[in-house]
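Before anything else, here's the structure in question.
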Amino acid sequence: MALRPGSGADAAAGGAGTTPSPGAAGGTSPADAPVEAISVPNRLWSAEQPEAYGGVPLEDAPTLFLREVEAAGIGRTNDARWSGALEIIPTKADLVLDLIRANSLWPLTSGLACCAIEMMSTATSRNDIDRWGHFPFRASPRQADVLIVAGTLTTKMAGPLLRLWEEMPEPKWCVAMGDCTCSGGRYKRSYSTVQGIDRILPVDVYVPGCPPRPEGLLYGMMKLQQLVKARRGHWSERRLGPTVPEGV
Amino acid sequence: MTTPTRPSLDDPNLTIPVDRAGIFEPIPPARTERQQEFYALRDGEMLLNLGPQHPATHGVLRIVLKLNGEQVVDLDPVIGYLHRGVEKLCENADYHQAICYTDPLEYIASLFCEWSPVIAFEKLLDVQVPRRAEYIRVLAGELNRIASHALYIGFFALDLGGITPILWSFLERDEIVEMLTALTGAQLLFNYFRIGGVNGDLNHDFMSRLGDWMSRAGRQVEAGTALLNENEILVRRARGIGILDHETAFRMAVSGPNLRASGVPLDLRRAHPYSVYPELDFDIPTRSEGDCLARYLLRVDEIKQSLRIIDQCLHQMPDGPVMARLPRLVRPRPGRAYAAIEGPRGLYATYAISDGTDQPFRMRIHDPSFVHLQLLGLLMPGNLVADTMAINASLDPVMGGVDR
Amino acid sequence: MDRALKARLERRFGDRLAGPVRQRHDETEIRIGAGDVPEVLRALHDEPELGFTLLCDLCGVDTGTVMQAVYHLWSETTPDWLRVIADGLPREKPRVPSVTFLWKGAEWLEREAYDMFGIVFEGNRDLRRILMPDDYVGHPLRKDFHLPDDASRSPGGGVRPMESPGRPADAAETTVRRRATAG
Amino acid sequence: MSAVAAYWHRLTIPARILLVGVPVVLVVGAAVTVGLALLAEPLVDFLGANMGLVRFVVAALLIIVVATVPTAFVVIYLELKVIARMNLRVGPDRVGPYGSLMSVVHGLKVLSKEDFTPSGVDVPVFTLAPVAVFLTTVMTLLVVPFAPGLYGQDFNIGLLYLFAVGGLNVVGLMMAGWASYNKYALLGTLRAAAQSISYEIPLTLSVVGVIILAGTMSLNSIVTQQAGSFLDWNAWRQPLGLLIFFIAAIAEANRTPLDMTEADQELVAGFATEYSGMRFGFFFFAEYVNVFVVSALIVVLFFGGWNAPFDWPWPVTLSLDPGALGIGLVFLIGLAPVVGTIVLGLPFWLLSSRISALQALVIGFLLFNLVAVAAVLAWAFISFDWAVGLAWMIGKTFVFVFVFVWMRGTLPRVRVDQLMGFAWKWLLPAALLNIFATAAAVVVIGK
C-alpha cells in the first residue's frame, strides 16, 4: 500500500510563536542550575572524614536497635550459639564471614519498573557495580543475596515479590530503590500501589530519587556493605519497617 | 528418609495455603471459554510459568506456557503487575500535573509519553506552539528514539544469549541520557515537554555533548551492530521465527516498527504528520519478511534515519521563544481531543475529554506495547521455549506502557 | 478537518447516526447506537471509499450519566482521525457488541475497558479482568470510584489485606517469614 | 526416648560434639592401636607391593584438596576479568590486588549461605546430586598428566576411563534436575541429558584418530610420543579431529554457545534453579573445574602436553651437591639470611632518611625471602624437568581456558534443536571420516 505524506492539517504543527511567559514556562533560562546540580562531585567517600555522611564513624556508632535487641533477648531463638568461653569463635567467624559477605552481594534480577533501567545501567560499563563484587545478577532467588526492589510495587505484584523474598536464603538484604518503593512516590494516591515496600518487607537501605541515578544506587550498596559489616550475624532479629541502625 | 508427597501443580483443585503469589498460584476457575480451553491439559502437556519475575520477560510480565516437551502449544499472558492507575490519577490532577504522571509509562522512551498528552491538551486549548519548541521536541524525541532502539538491540541479543551487546548499547544509551539530562535536568524521566512548548531552551552543555556524539554516532551504530549482523548463530536463530504478515498485522491493530517490518510503510510521521515532520526529509525503512530478524534490522535502519532527522533539526533550528503564553492553571473549553504520535514502539495516543474545569474529565492513554503483547499468543505456538524469548524480545514490549 | 469525509459519512450512515457529525482540528466524530456498532464499523473497515483499516484505540468513557465505547480509526483516504462513539450505554450493565471479528487485536482493549468500566463486550471470547487481579471488585475508572484524598488513610493503606502480610503498626511482633506462611 | 531427646536439645553444640566424639575417639583409638600393633608388618608389605594403589589414593586426595578448588578460583577470576574487559568494564578491583581475591570471596560466600531443601524435593537425590557432579569432574583429573612423572595414575586405558567418568557427569545433572521438583530444572536436565548423549559420540570418535596414531590409550604415552618440536604435535596430524573434539568439548563443559543446561534467559538457572548455598557452590566449582579439565585434555591430546614447543635444552644437570660443603653448609644456612637481610636492607636505610633501621631490616628480610624463593624456583625450573613440563602444561591449558571465556563473552546461544542437528548431521560424519582417513593414511604411509 502506498501512502502519500498528508498535509500537516494539525493545530499542533508550526505557526508563529508568541513571546514566552517565564511563569508558564516553569522558569528555566538556558544556563540554569540543573546542569551544575548534576555534576556535583561526590566527596563523601574520603575515608579521613567519616562524619561527612552524617554521624560518627560506624565502629563506635551506637547501633541502638541491635544492642537493645541483644540486651532484651527478644528473638533469641535457640539457634545453637556457642556458649561460654567458646563464644569467641563464632564472633570472630562472623567478623570474617561478614567481610566476605559484604564484598560479594549478588543482586536478584528483580526490575519492576523505571528504576530497573537505572539498575541495569548501574551494572553496565559506565558505572560498573562489578567492581564491588555485586555481580553477576542471579536470575534464581535461591542464589541471590540482595533484593533490589527497583520500581513501583503494585498490589498485584506484592505477593510474588514477597515470595521471591521468601525464596532467598539467609543471610539476605533488601534495598528499596526509588521513591515508589520508599514511600509510594508519585503514585502514592493510586488505588493499586503499595505505599512503600517496608509494609511487606524488611528494608535495609533506602535509595530515594525518581529514579535515583546509578551513582545513587552505588552509594546505597556501599551503605549496605557498611551495614553488613556493622551488624554481625543478627539476621533473625529483623522486623518489618525500617531496620537501619542510627549510624548508617 | 521419606520423601514428601508431591502434589501436581496442574491439578485444578490444588490449593496451597499461602498468599496468592504468582508462581504457585492454583489455577483459577475458568471464567471464559478461552480460559477453559487453555487450562484443559491433554496428555503430555504441562504448564510452565514464566515470570512475573523472569530474566527474559522485560519487566513484570507473566506468561503461562502450555508446553509439549519443549514446544509451546499455547500460552496465556497475564499482565497488570505494574498497573499504577495512571489514567485515574490524571483525572484527579490538573493538566500540567497529568504530564508528570504519564511520562514514567514508557521508561525507556519517556519523552513520547509526554508528547502525545501535550499535543492533545494543546488541541483542547487551541494553543499555537512556537516553531523552535517544535524543532526542539523533534530533536529530543529522535534522540530518545535512538536510545530506545539501542536498548532494543541490546536486549534482543541478550535474550538470545549474548551478554556483550547489551553493555555496548547501554554505553550509547547512557551518553544520550546524559545529554538529555543536561537539556532537561532530569534523569531518565525527563519531564520536559510542557503544554505550549518545552521547559527550557537548548543549553551549551547539551549542544556540546550532542556535537561530539553526532560526530561518531554513525560509526558507533555500525560497530555495535556488526557484532550481531555477521553473527551466524544469531541470524540463524532469528530468521524465520515469529513471522507476521501484514494482513494479520492489521487485524491485530499492530503499529510502528513491528508493522513496518511486515512490509507496510505506515509511519505516523508521514501518514498523519503531527509536528514539523513535514518539513524534514527522511525515509521510512520497511522490511518484507516480518520475522524477528526483520524487526531487529528495521530498528537499526531507523536509528540511521533518526540521525538524519537530528542533523536536519540542528541545521534548520529557528530562533524564537520555546513556550507559548499560557496561564499557570489552564481551563480548556469542554471538548474532546485525540492525539497520536509515532513512538519507537508504535502509536502512542492520548484521548482527553475536558469538562471546562482545570482537570481532564477523562484521559485515555493508548500504548503500543499493550497491543503488541497480544502477538505472543499468535506467534509463539509451534516454536520452542528458546524462540519465545526471541519473539518476546523482538516485539519489544515495555511493561510500564502495557500496564499503565 | 475533512469536509468530504463528513459528507461521505452522512451519505453512508445517514439514519444510523445519533447526532450530527462533529469535526474539530483533525478529528471527525460520529455517534451511533450500541446496536449499530458491528455494521457501521464493518462498513468503515471494508468499503474502499472509507477504508478505515487501522484501529488506533478502543476505550470506554464514563460520562457520569451514560457509558460510551469509543473507537479511533485511521484511514489513508482522509487526513483526519475518525472517532466512533457508541453512545448511551446504561451505567448499570452496559453492553456493546465486540469488534474482535474485525480486529482481533481489539480483544485486550475490550478486556481492559471491561476491567476499568465494566462494559460487557458481547462476542469477546476472553472477556475477563486483565489489569486488576481476578478477585478484584469494582471498576476503578468509573466516576463513582473515588480516590481517597490522602492515600495513607485509604482502606488498607492502599494495600489489599490479602497481599499485605502486615501493617507497620502491628508488624513489630512477628517477622516476615511467619506472616507469609500464615497467609 | 523423649527424655533423651530433651536432654540432647538442652545441650550446646560443643557439648553435643564432645558427647558424641569422646566415646568414638576412645573406641577408634584403641582399635587403631591394636590394629597397627597386629597389622603393621603385612600392611607395609602390602602397600609396598602395590605402589600404584597408594599413588592413586594420594593423588586423588591431593587433587581434591589442592588442585581443584584453587584452579576453579583462578578460572573464575579469569572469567570475571576477561569478560569485564570485553564489556568495556573494569571488573572486580576492590577485593585484593586488582580484585584477584574476588573469586575466592564469591566462593566462600556461596559456601557460607543458608542451605535448605525446598518442600517437595526428593531429598536424598537432591542432596547427592552436587556431590556426584563434583566428584565425577574431579576424578577426570586423575589421569591427566601434568608433567613427566606428575600424574595421578597412568592407565593403559586412560582415555576410556576419562570418557567413562566424564560421562557420569550427566547423571549428576539428571539427579539434580529431577529431584528439584521444578519445571525449569526438569527442562534443563533433559536438555543436559540429550546434549551429553549426542556429544559423547563425536567426542569419543574424534580421538580415535589420535589413538590409531599413538597405538595406545595411555595419556602419558600419547604425550611422550609428541615430544620434540611443535611440528610433532597431533594438531598437525589430526586437524579435523582437533576441531571436532574442541566443539564437542564445549558441549561437554556446558559452555556458551552450547550451554543449554543453564541458559539464564530461558531456564532461570537450569538444573541448579533450586540449589542454594554449598550445594550450588559444588555446581559452581564443578563447571569451572570442568573447563580446566577440558582445556587440559585438548592440550594433552593435540598440543603436546607438557612438551615444549621447540627443542628445549633443559633440564641441564647442575652439579650442585650441598653435602660437599660439609660444615660450611651449617654456616651457610645460619648466615645467609642474616647477611642477605642486612645487605638488602642497607640501601633503604642509607638512601632514605624517613626509613628507620628497623623498617629497613624488615624490608630487607622480605626482599631476602623473595630472592630465596625465586632462587629455589629457578633452580627447580632449570634442573628438574617436571617443573619445566608443569609450566608449559599450565601455560598451554590456560590459553584454551581463555578461549572458552572469550567465546562466552562473544557468542550468543544456539537453539537446542540446532545443537542436536549439528551434533548428528555434521560432527558425527566428520568424525567417522576422520577415522577412515587416519586409518587409510596409517595403512598407506605406515607409521
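Note that the chains are named A, B, C and D in the order they appear, and that numbering of residues resets to 1 at the start of each chain.
Keep in mind that, in the parts below, contacts are C-beta pairs under 8 Å (C-beta built on N, C-alpha and C of every residue); 3 or more make two chains touch, one makes a residue touch a chain.
Nothing here was measured: the structure is a model prediction, and the numbers come from that model.
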Weigh B-C against A-B on C-beta contact pairs and write down the one with more.
-> A-B
Per the C-alpha centroid definition, the whole-Å distance linking subunit B and subunit C comes out as 21
Centroid spacing, where centroids are CA-atom means, of subunit A and subunit B in whole angstrom = 26
Return the distance between the CA-based centres of subunit A and subunit D, expressed in whole Å.
-> 39
Distance from subunit C to subunit A - Cα centre to Cα centre, in angstrom | 37
Within subunit D, the set of residues that touch 2 or more other chains is 87-89, 264, 268
For subunit A, residues that touch 2 or more chains besides their own | 1, 3, 6-7, 10-11, 124-125, 139, 156, 159, 162-163, 189-193
Contacts with 2+ other chains: residues of subunit B | 18-20, 54-55, 80, 83, 85, 88-89, 92, 123, 167-168, 171, 266, 271-272, 403
Of all possible chain pairs, which ones touch?
-> A-B, A-C, A-D, B-C, B-D
The residues of subunit A that touch subunit C in their complex are 1, 3, 6-7, 9-11, 155-156, 158-159, 162-163, 165-166, 184, 188-195, 198-202, 236, 238-241
Of all residues in subunit A, which touch subunit D in the complex?
-> 78, 80-84, 86, 97, 100-101, 103-104, 124-125, 128, 130-133, 135, 138-140, 142-143, 145, 169-171
Contact residues on subunit C for subunit A in the complex?
-> 1-2, 25-26, 76, 79-80, 132-133, 140, 145, 147-148, 151-152, 154, 157-160, 162-168, 171-172, 175-177, 179-180
Given the complex with subunit C, which residues does subunit B contribute to the contact?
-> 17-20, 28, 31-35, 79-80, 83, 85, 87-89, 91-92, 123, 250-255, 266, 271-272, 335-338, 340, 347, 349, 351, 353, 362, 364, 366, 370-371, 373-374, 378, 403-404
Going by the contact rule at the top, pick out the subunit C residues touching subunit B in the complex.
-> 24-27, 29, 53-57, 59, 61-62, 70, 72, 74, 76, 79, 81, 83, 102-109, 112, 116, 125-134, 140-141, 145, 147, 162-163, 165, 180-181, 183
